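These notes are about the structure you will find just below.
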Amino acid sequence: MSPTRSVSIGPVTLGGKHFVVIAGPCSIESEQQFLETATTVKAAGATLLRGGIYKLRTDPNTFQGLGDDGLRIARMVRKTVGLPIVTEVTDARQIPLLVDAIDVFQVGSRNMYNYELLKELAHTGKPVLLKRAFSATIEEWLLAAEYLEKGGNPNVILCERGIRTFEPALRNTLDLAAVPYVRTLSQLPIIVDPSHGTGRRDLILPMSLAAAAAGADGLLIEVHPHPEQSLSDGYQSIDGPMFATLMTQLEKILAAVDRPLLKNV
Amino acid sequence: MSPTRSVSIGPVTLGGKHFVVIAGPCSIESEQQFLETATTVKAAGATLLRGGIYKLRTDPNTFQGLGDDGLRIARMVRKTVGLPIVTEVTDARQIPLLVDAIDVFQVGSRNMYNYELLKELAHTGKPVLLKRAFSATIEEWLLAAEYLEKGGNPNVILCERGIRTFEPALRNTLDLAAVPYVRTLSQLPIIVDPSHGTGRRDLILPMSLAAAAAGADGLLIEVHPHPEQSLSDGYQSIDGPMFATLMTQLEKILAAVDRPLLKNV
Amino acid sequence: MSPTRSVSIGPVTLGGKHFVVIAGPCSIESEQQFLETATTVKAAGATLLRGGIYKLRTDPNTFQGLGDDGLRIARMVRKTVGLPIVTEVTDARQIPLLVDAIDVFQVGSRNMYNYELLKELAHTGKPVLLKRAFSATIEEWLLAAEYLEKGGNPNVILCERGIRTFEPALRNTLDLAAVPYVRTLSQLPIIVDPSHGTGRRDLILPMSLAAAAAGADGLLIEVHPHPEQSLSDGYQSIDGPMFATLMTQLEKILAAVDRPLLKNV
Amino acid sequence: MSPTRSVSIGPVTLGGKHFVVIAGPCSIESEQQFLETATTVKAAGATLLRGGIYKLRTDPNTFQGLGDDGLRIARMVRKTVGLPIVTEVTDARQIPLLVDAIDVFQVGSRNMYNYELLKELAHTGKPVLLKRAFSATIEEWLLAAEYLEKGGNPNVILCERGIRTFEPALRNTLDLAAVPYVRTLSQLPIIVDPSHGTGRRDLILPMSLAAAAAGADGLLIEVHPHPEQSLSDGYQSIDGPMFATLMTQLEKILAAVDRPLLKNV
């Protein structure tokens, strides 16, 4: 097993001794929604904030993100709450807009094969959270990471978020064995997204604990103050109290595997 | 979430407060091999012993189990070591031979759809460990369990052992989210087989911990005194010292989820 | 490409110069239903008759076949109409009941891995139609055929009937490329089942033509006089007039690939 | 079944009465290679020419296309040989470079989910050949087409090129049933790519015939004068004589389904 190479994001180190939790809404929907969520997840122990600005949706008739107004809200909340921000980039032309406003570029599952985008992100040198395509073999995922690394950007964080299988009951099949398996091949830090990985609110807690037990370096969790009112993916978002309960139980598992949770940066 | 209905196997209760570990070789290969493994796994905290007598192999040119001589060894070791035995049944005609010699009938992944076999096992009333077919939806798996229950046998233990997906790196994709998801639909106890679920010795420890964290009621683990000499599935078997390490770490995770390990029955 | 080894079934040769169509209902439901279907499909050019007697159903609460009464009807219709009969065997204990009443043992998709059943069928020497499990690799399918051949029965007919994939729109994904690919590895005749392969009545005609164009040796098609009243799989059965239309168009494709349809045996 | 809406590409109408064959190399490698292939495929009856300029490769260490020099060669060959050209676009910034040099934008399998690219292609109004992602459900594929149509571009051609399944023997599983199934949902023309769909030179002929029999509106075939020297995908390219044989047999199948081949435009 290779030692992990850590990635620095402001005061946060991902891939080191500490376990890191990234939380926030699927999409930034309003100032109030993003601020409230940010405050809540920070209080419960999250140290990075997620929030979508430009969304990539399968159905052209659904909510596509706030766009530029979301960018303004992101800047404001980042400053007010003091957490670094992770946001998805869906097109190379968004890079100059995002580069100073956010801290980690997220490459979503459907863009993992978008090598032109990866080549551009390589030039920024900024941390990239590279989700596994739901159809990608582990080998293809690591080759996508190589597009970033060969292009000059070593700050890559892998994120397992479930793969597409024949099982219709859940949105995806979360491939947790990918976590220890990737360790045998790569030094990149690897985190898990149990929200997309299961697509069901009630499975996020047990799969978060399982990811920590399997050796992940962190989690990416969708939290919304009022999931039932969410404009996207509400069925897989948890609310503030559920997130606080998750963090309490997570710390017990982390203690059992001798891996402290990073808190209060 | 439904309360789990427990299954009694001699002094062992599976599906109750305690977490249960079943361990042993893929196949019974000799008196010495099975006795040594049984003694080792019992010492480390396993409370049920697994060992194949009649094997179902994809390739007709490979080892097919000891058959009747395996049955004799199973009886002897069961008595000597004092652990109940779990063994696979691959044909209805084996039932009368096995019924008094072993304690749990295992239905393997490729026989989950063998409803004629399930109907016969229903009549025995004896505990049945029903593995999920590697191609089965969760719905089909629970319908297979219904063949046993409707036939008069409520003593069913579900076992997740990985599903077949496009990912070629590992033998199967272990679907751990099935554990908490099945809890929302069924009262049957559910355990996890990380040996078949990953097909790699070095992934058994992390995936065992993950299964416990996800809320499984137990584990089914392949242990062989000398995996490299094993006649079947050696690449996914761990040896005695690896198993002892696993049990030590498992107990820490179980403490974190407030679920004691069943030991020393 | 290996030359195909043909299999003789009474007056029918499958795997030779001629293309063979097997047709009939999913299950034998009554004397009248089976006799009417048999007469209809014979008139349209089928030379083998299918009909289920002992059914293997996923849901224990659904119709499981007529059993022994179906056997009586099968004998009667076989004699009256004069077509050899293909029927599924789901348990080794049915072999003595079926062996004189029918002409081809069909091993269904869920029994392809039932090696104990295959070993028994090997001893009969009677033709076996071996469906590919919906989860089987082509390699596993050919190894299953080897259980029959090594056991002394060279009369094996392979049948592609669709595999399980992530696509939810259709019941299965019909893997037609398996037809020419198997030819590069095996001398066994290979036919296609577009009824299970698609699960939709309106796709049976185009996929039958495609199978013939891809080089299959025959087809297995579900025909029911009144599909909407069928006790099983009615949504994927075609009626008599649709079958007659299919046969007319099929002959044109067969002429284009220089492969005559076997008729009027 | 909906009537198909045809797409005009210079003198070629795709989706009308005639069946259209698009052929050419995976990548443009040199003037000589592209000119020779173009001349060969035109002589055998192809009416559209394919050839990659900007390649999207999984492995960053492999050949990535000629880029701008490929563009120059494409212009020259298009003029000399007189066939319209289909080429893949992998990034929105290539659109202005390509728009006057080529006739059909191809969106590759890994870019089907790249909705930002689709939105830009919608504005061009130029025909788009939209390949199904190897992981896409048919529903997702049609929603991707909707991004083009809603954006103002009705000139969409669907292309089935195989999906990713558990079967390791072939590169993809060609889902031919998607052809007649899409007809029940959409008026868009649909063609088949047996080269990527199978990944094996010897399966291209039978699967081309099968696609025509299943009702496709055309084919997209990789042809290379010397496949063994090809810089990409040579194992799935056929040479000129194999292509000529294919066209001869294809015409017989097309006659059987009463669909003439478009030739000599």
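Just so it is clear, A, B, C and D label the chains in written order, and each chain counts residues from 1 on its own.
Just so it is clear, contacts are C-beta pairs under 8 Å (C-beta built on N, C-alpha and C of every residue); 3 or more make two chains touch, one makes a residue touch a chain.
A quick note: this is a predicted structure, and the numbers were derived from the prediction, not measured.
Asker: Any chance you could check whether C-D or B-D wins on number of contacting C-beta pairs?
Answerer: Per the contact counts, C-D leads.
Asker: Nearest whole angstrom, what separates the Cα centre of chain B from the Cα centre of chain D?
Answerer: Centres of chain B and chain D (C-alpha means) sit 49 Å apart.
Asker: Determine the centre-to-centre distance between chain C and chain D, using the mean Cα coordinates as centres, and give it in whole Å.
Answerer: Distance between chain centres: 35 Å.
Asker: Two or more other chains touching the same residue: where does that happen in chain B?
Answerer: In chain B, residues 135, 164-166, 168 touch at least two other chains, as defined above.
Asker: How are the chains arranged in terms of who touches whom: line, ring, star, complete or other?
Answerer: complete
Asker: Chain B touches which residues of chain D in the complex?
Answerer: Answer in residue numbers: 164-166, 168.
Asker: Give every residue of chain C touching chain D within the complex, in rising order.
Answerer: Those residues of chain C that touch chain D are 135, 137-139, 163, 165-170, 173-177, 179-181, 184, 197-198, 200, 202-203, 206-207, 209-215, 249, 252-253, 255-257.
Asker: Once bound in the complex, which stretches of chain B touch chain C?
Answerer: So the residues of chain B touching chain C come out as 56-60, 90-93, 110-111, 113-116, 133-135, 140, 143, 146-147, 150, 164.
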